[in-house]
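The chains carry the letters A, B, C, D, E and F, assigned in the order they are written, with residues numbered from 1 in each.
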Amino acid sequence: MDESALLYVNEGSRLFAGSRRHTSKFAVMGIPMDITSSYRPGSRFAPGAIREAAQFIEFYSIRTGVDVSEFGFDDVGDVILHPSDVELNLRRIRDAATYVLNKGKFLISIGGEHTITTGIVSAMSPEETCVLSFDAHLDLRDEYMGYRYDHACVMRRISELGFKIMEVGNRAVGKDEIEYANTAGIPFITSHQVKLLGPREVSRKVLTHFNGCRNVYVSLDMDAIDPAYAPGVATPEPEGLDPSTILDIMNLIVDQRTVGFDVVEVSPPFDHSGITAILGAKMIFEVAAAVKSKLP
Amino acid sequence: MDESALLYVNEGSRLFAGSRRHTSKFAVMGIPMDITSSYRPGSRFAPGAIREAAQFIEFYSIRTGVDVSEFGFDDVGDVILHPSDVELNLRRIRDAATYVLNKGKFLISIGGEHTITTGIVSAMSPEETCVLSFDAHLDLRDEYMGYRYDHACVMRRISELGFKIMEVGNRAVGKDEIEYANTAGIPFITSHQVKLLGPREVSRKVLTHFNGCRNVYVSLDMDAIDPAYAPGVATPEPEGLDPSTILDIMNLIVDQRTVGFDVVEVSPPFDHSGITAILGAKMIFEVAAAVKSKLP
Amino acid sequence: MDESALLYVNEGSRLFAGSRRHTSKFAVMGIPMDITSSYRPGSRFAPGAIREAAQFIEFYSIRTGVDVSEFGFDDVGDVILHPSDVELNLRRIRDAATYVLNKGKFLISIGGEHTITTGIVSAMSPEETCVLSFDAHLDLRDEYMGYRYDHACVMRRISELGFKIMEVGNRAVGKDEIEYANTAGIPFITSHQVKLLGPREVSRKVLTHFNGCRNVYVSLDMDAIDPAYAPGVATPEPEGLDPSTILDIMNLIVDQRTVGFDVVEVSPPFDHSGITAILGAKMIFEVAAAVKSKLP
Amino acid sequence: MDESALLYVNEGSRLFAGSRRHTSKFAVMGIPMDITSSYRPGSRFAPGAIREAAQFIEFYSIRTGVDVSEFGFDDVGDVILHPSDVELNLRRIRDAATYVLNKGKFLISIGGEHTITTGIVSAMSPEETCVLSFDAHLDLRDEYMGYRYDHACVMRRISELGFKIMEVGNRAVGKDEIEYANTAGIPFITSHQVKLLGPREVSRKVLTHFNGCRNVYVSLDMDAIDPAYAPGVATPEPEGLDPSTILDIMNLIVDQRTVGFDVVEVSPPFDHSGITAILGAKMIFEVAAAVKSKLP
Amino acid sequence: MDESALLYVNEGSRLFAGSRRHTSKFAVMGIPMDITSSYRPGSRFAPGAIREAAQFIEFYSIRTGVDVSEFGFDDVGDVILHPSDVELNLRRIRDAATYVLNKGKFLISIGGEHTITTGIVSAMSPEETCVLSFDAHLDLRDEYMGYRYDHACVMRRISELGFKIMEVGNRAVGKDEIEYANTAGIPFITSHQVKLLGPREVSRKVLTHFNGCRNVYVSLDMDAIDPAYAPGVATPEPEGLDPSTILDIMNLIVDQRTVGFDVVEVSPPFDHSGITAILGAKMIFEVAAAVKSKLP
Amino acid sequence: MDESALLYVNEGSRLFAGSRRHTSKFAVMGIPMDITSSYRPGSRFAPGAIREAAQFIEFYSIRTGVDVSEFGFDDVGDVILHPSDVELNLRRIRDAATYVLNKGKFLISIGGEHTITTGIVSAMSPEETCVLSFDAHLDLRDEYMGYRYDHACVMRRISELGFKIMEVGNRAVGKDEIEYANTAGIPFITSHQVKLLGPREVSRKVLTHFNGCRNVYVSLDMDAIDPAYAPGVATPEPEGLDPSTILDIMNLIVDQRTVGFDVVEVSPPFDHSGITAILGAKMIFEVAAAVKSKLP
């Protein structure tokens, strides 16, 4: 992969699901950026841990009836990152994402901190793309500790870029974030509301809000999930969603419009039993299967 | 804080939620007693771990609409304890609790083993105060291994002091404990019953039983919660409650009568991912927010 | 226990629930075979860890009203195993199981990997015995990596021995396994279906399928349970069952026909908080209580 | 073992080195007392962990040329303990030790906290027995946090009982402890001095001081060893001894006069890699081999 | 502490050694900067972990005969840091260090990554101050991954500021670093050389090189120590020094000229047994004792 | 690498030291066989963990003055293994080793259990090749638990194949192993003797014994190293060697005759701090540097 080497992609890493399928529609890219995590760092190790876990995932998706082994994944490696310059890294991520998307691939990114999503969606058109975020947090702060590209600000930045946004599973939010959401027209469905509404109704609300969107991008901050299921995240927050609820919602939402997906904020040094990395890998398999099942 | 030093309170510990707000109604006190734990010791480290986790909790409570940052907590430090004399320690805890309560504070205690609750409620009037305990166990044994102040006996001792009691979430109980509960008029709602009844009906039963109570004290043995959510406790017991159910019940129960709350039995050496300490801190934030929301 | 020594049983291990009750109907036998685990080895340490956890379990079963301390367990020790010869080990396990069953005991086995169940049921009559398996996987592969006695093939081998089979809680399956199940008449209820149907309906389906069975054997691959509750297993698989659902089903199914039960695939090196071993011990207590409650 | 049951000995624990050899001169007894540990509790789990580790120790001692498998160990089980009454426990330990010593056995005790040594030597005659303690600490405090039977006071209590004492490997000491040692005639060789003097000279000093002793008892607080080799102890203290130095000294000191040995203060919850428990088991094997090599 | 609050110092953290002694010459300041760590992040948790460990350290230094409890420490809290702007943080650190040094205190800093040392020495005069660094690495790179304020460049930046430098314990170095050291006149003594030379000769070399220095600052990157003794560091490197060797050297070097000391690069998430934090705390106690013993 | 795929080599794994240098003389091959481990399994994860650790190793070897980045490593991937058939696997390993050796490469293998060494040396000529083994154990048993290809028998099997052998660092040995060694003319130098003799004298003895050998193969069972430095091994054994001693010996021994090297028995699930994997990676770098420094 000579070209991508110029695009800061390092081939020297374990391949997701055990082999590189150049023909697969589903590209996998690691983005081990781990700079602004305020609580528990370590998401830099997540691409490695999730790739390792993916070696042991069953390829057949019982939920969708899709056999993932029939198409597999095209793991392009990790984006090479600067140790502290977040904004430079966002440009590198944008370039790498552009490269993959231009090949017509569905881009699956493995973070790294949530901030990377700003870089990824920068490769897309704000006019055409809507962004759905599963997250315990709204990430709508204007700045955090004086910094505007903190992981707590990622959806704010994406909103400012002009993307239409919706958020699901939130429960640890600031008052000013709620105000911004209301002002900026960003609907969010808290984890408590998700439990009351159920996956079908949540999906209906998302699809309604994303009605006119040409493309949809989905970001999964793993702290959207309850710490019981995902203890190894940077900022665990009680009262979260269970994984099946998220997969049920995704399965109802993804379709031909969906152009990319990311799994972020997994922190392997705090994932002693490894179940968070396994769950992250599973999420990728199931989303790929769901997308595949909707293709013509 | 010269006075409290005389009351065995050590100032040298991390402050809950990051700063000491002397004017706050909500006092926080660490009680790292860890002597009679029969299974997994380590609750002595819980005040430190829960204070550390509280540094990263969001201040706004979405459940109640209360912004905890508006009032914060008054962390008075840890009670200084004897290494093995439980009964001496209970007197020290009683004195420290009296000191805080006399200032008109709402007392939030962080254990330590469950035995500390005996010391805390000793600072209250049995005639006026009712005690609600969330626990996997009934803690109604007359003695355990020949000892009457074991953590397995705490509600028995409190019952004998004359307090009206109710228990919720129990599932690991002895036959003789059930008999004592029936004889002494202590209703309990097992975790299985809580799941069937739901938070509203459970709360109704508690409020009915506590109808004539002037004051209510709430004790949360973290093993009431399922080990999936709270793995780092002294005595994990399967088939427990989920945190949202407990918070829903608390939110319906606490009101102006509520005078104190404790979180006990967290054991950090067995809490490798830290999610039990984080959950303990969250419980304190949410209970404070709920109490605040009921004040006139 | 001179005789059993000849049967490869090692007395040198911690006794389940703290003492050996020779008169108890419930024999406990450790089978620390841990050879074919493809992902996370360590089930060899499970008999020790589950015995240790059982020291701290409450003896009274609130679900059944049975006081297990009235009869206790007859812990016969561990089967002595060859380090790599699976088929030789299966013969040893068969012989040890025969010895215990011939004494009229209810045989509770603690694995080790799931493969051991083939050895255990070999001590029973395929014509008379039906086998119920709780598992995330179907374990119906003909071979895995070229080997027919892999843990991923255990139910296939048992099926080939002529036993009637049913499976519950499955979600990580291969397409060919589904085909084999359909061909061989092995009904399975996925974890998603279990959640929709509920314990009562699942039990009804099992009882209908096992209608003519004289004996019933139950195998519990702990990965049937969601990783949140059972993180320390060889192959964690998201979207699993919760422990109460499994116990509710078991409680409705076990009766006088039930002749044995096993708990397999717990891997203590990955069970840092110990909650998987505790849950395994609890499962044994509750199954013994349920069986006892159905005896005349 | 009906008699010892009356002596608070519980048979229900894993046997040291895999089988019980009733004829062996070397009795092993677990004493899981874990009450006064001021820092990291958990020594209650050490008898279990050290027995487990001993299953995998090679029986031949290359240092002494003794084949331990020729005689093995007589594991009598664990002393049953009160949850918080240290002084009652010391009497139980004394009685259990007396029972074993009266059978003419060499008594090897596995703690538990260091306090247990007071109970053990209480079964011996102060006039006839000298006590050698390897420890990072002098344990010569008169009281700790107001308590006289704390683990920090164990050698003070033993000194007051009239035993002749010597200490080796100390480095974390109080000024008043040094004064007491000087006043009471208790020589100690710090870890720094041990490194300068070497095993031979240290042994010579010990043998000179113990010249007139009829019996010698050796206590090994595992924190005497450097935390690199023994991380899983209650109170790790840098600049400790390495295990070979201690074994070299012991090998030169033990002889027919030696009547007992203990390994204390191992804390398995902090021994993640298990190397402290393995080292504790090794120490027991080597001391038994050394004693055996000196017998006529 | 109103003033220091303006200096980005947060009072809300556990006090080193249990209480704040305003009159002590020895100020302790936490600097939890953890941004550029290339391998294992987590040094942000080191000030908390080392303060916690310091609660349990014996106050008497046997090496120097100094009783640290006679003067104690003045813990000023943690410097408040920007999440990703290293250079801004270095200015904050410089200002906080200036504030403390201006009070005439001996400044003991707890990192955080090694980069913080640049900030600290910026508060000192390059003409008057010499810097001694214990480190597995030379940290003399011009830039790392394109960044000049990476932790791998710290001594290069300090050298460029004009400070006279010497390094000890190095073993993982780049060829260009050696060339720079030679060109810039920075002598270094590798860990292999330290073992051959011994503490006395190493100290003599340092004292000779620092002959004309008016002030001496000492930085201890904990990875200078072998991973056996200090496993919980950001970049463990085999073949390191043992702690006693470093303390022996320090004890011979520190004197009235010594103005400050730091302990950096401890990473608590990788320090499962806690022995690295304990060792870090011990280093601080011993250096304070050594300095005190040299004061008139 | 189409050919090697036929040789059971899986390309889907992280590359050692970050990139594949096809021209390098030093081939790296993972052999994750983990079947016969009697104590702590998990060596199957060692190739992944050691490759991960190697990403962060400094390329310049200060011991030899060799810059490893000038030539790097040719990582050929992992041998694909049968789950339980050891003898089949040994043939696969032999074939893969033959393939690599035939290319004129120096073969560096990463285990996996020690048994793999039998497979590797089977690709070499017994008449021409001498085998040096660093190990806590002699591995000279005829069989273990009835099995002849257990990891405890590896040097016995290699001896029987006709290879000249020498062993270093042994300390946990059986009496019959010593007898076999004496009979078969296999000299061994225990860890105690190594400490007395020093690296130079040990090397001299090895070189004398291997005087007429045309080729030399070196096997490093990581348990040769003391558990303080290498806690994460399958069978930790106290009183081991320190890493520098082993590297000093290797540096004196390796030369143009040396044809291969392996690092075996690392068990990542027990290597919580990761220092054993880091040390394993370091050993490979230093051996490659030493070999390179001896080439003409």
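Going forward, a contact is a pair of C-beta atoms (placed from the backbone, for glycine too) under 8 Å apart; a residue touches a chain by one contact, two chains touch by 3 or more.
This one's a predicted model, so the numbers in the text were calculated from it and none came from an experiment.
J.: For chain B and chain F, which third chains touch each of them?
T.: Per touch definition, common to chain B and chain F: A, C, D, E.
J.: Look at all chain centres (mean of CA atoms) and spot the one farthest from the centre of chain F.
T.: B
J.: With centres defined as the mean of C-alpha atoms, identify the chain lying farthest from chain A.
T.: The chain farthest from chain A, judged by C-alpha centres, is D.
J.: What's the distance between the Cα centroids of chain A and chain B, rounded to whole Å?
T.: 38
J.: What whole-number Å value describes the gap between the mean CA coordinates of chain B and chain E?
T.: So the centre of chain B lies 41 Å away from the centre of chain E.
J.: Can you tell me which residues of chain A touch two or more of the remaining chains?
T.: If we look for residues of chain A contacting two or more partner chains, we find 38, 40, 226, 228-229, 270, 272-273.
J.: May I ask you to sort the chain touch graph into line, ring, star, complete or other?
T.: Graph shape here is other: it fits none of the named patterns.
J.: By the document's touch rule, what are all the touching chain pairs in this structure?
T.: Here the touching chain pairs work out to A-B, A-C, A-E, A-F, B-C, B-D, B-E, C-D, C-F, D-E, D-F, E-F.
J.: Which of the residues in chain D come into contact with chain E in the complex?
T.: Chain D residues touching chain E: 38-40, 137, 170-175, 190, 192, 195, 226-229, 231-232, 235-239, 270-273.
J.: Where on chain B is chain A touching in the complex?
T.: 56-60, 62-63, 67, 226, 228-229, 243-244, 247, 272-275, 278-279, 282
J.: Residue numbers of chain D touching chain C in their complex, please.
T.: 10-15, 18-20, 48, 52, 55
J.: Using the touch rule from the top, collect the residues of chain B that touch chain D in their complex.
T.: 34-38, 40-42, 44, 81-86, 144-147, 149-150, 269-270
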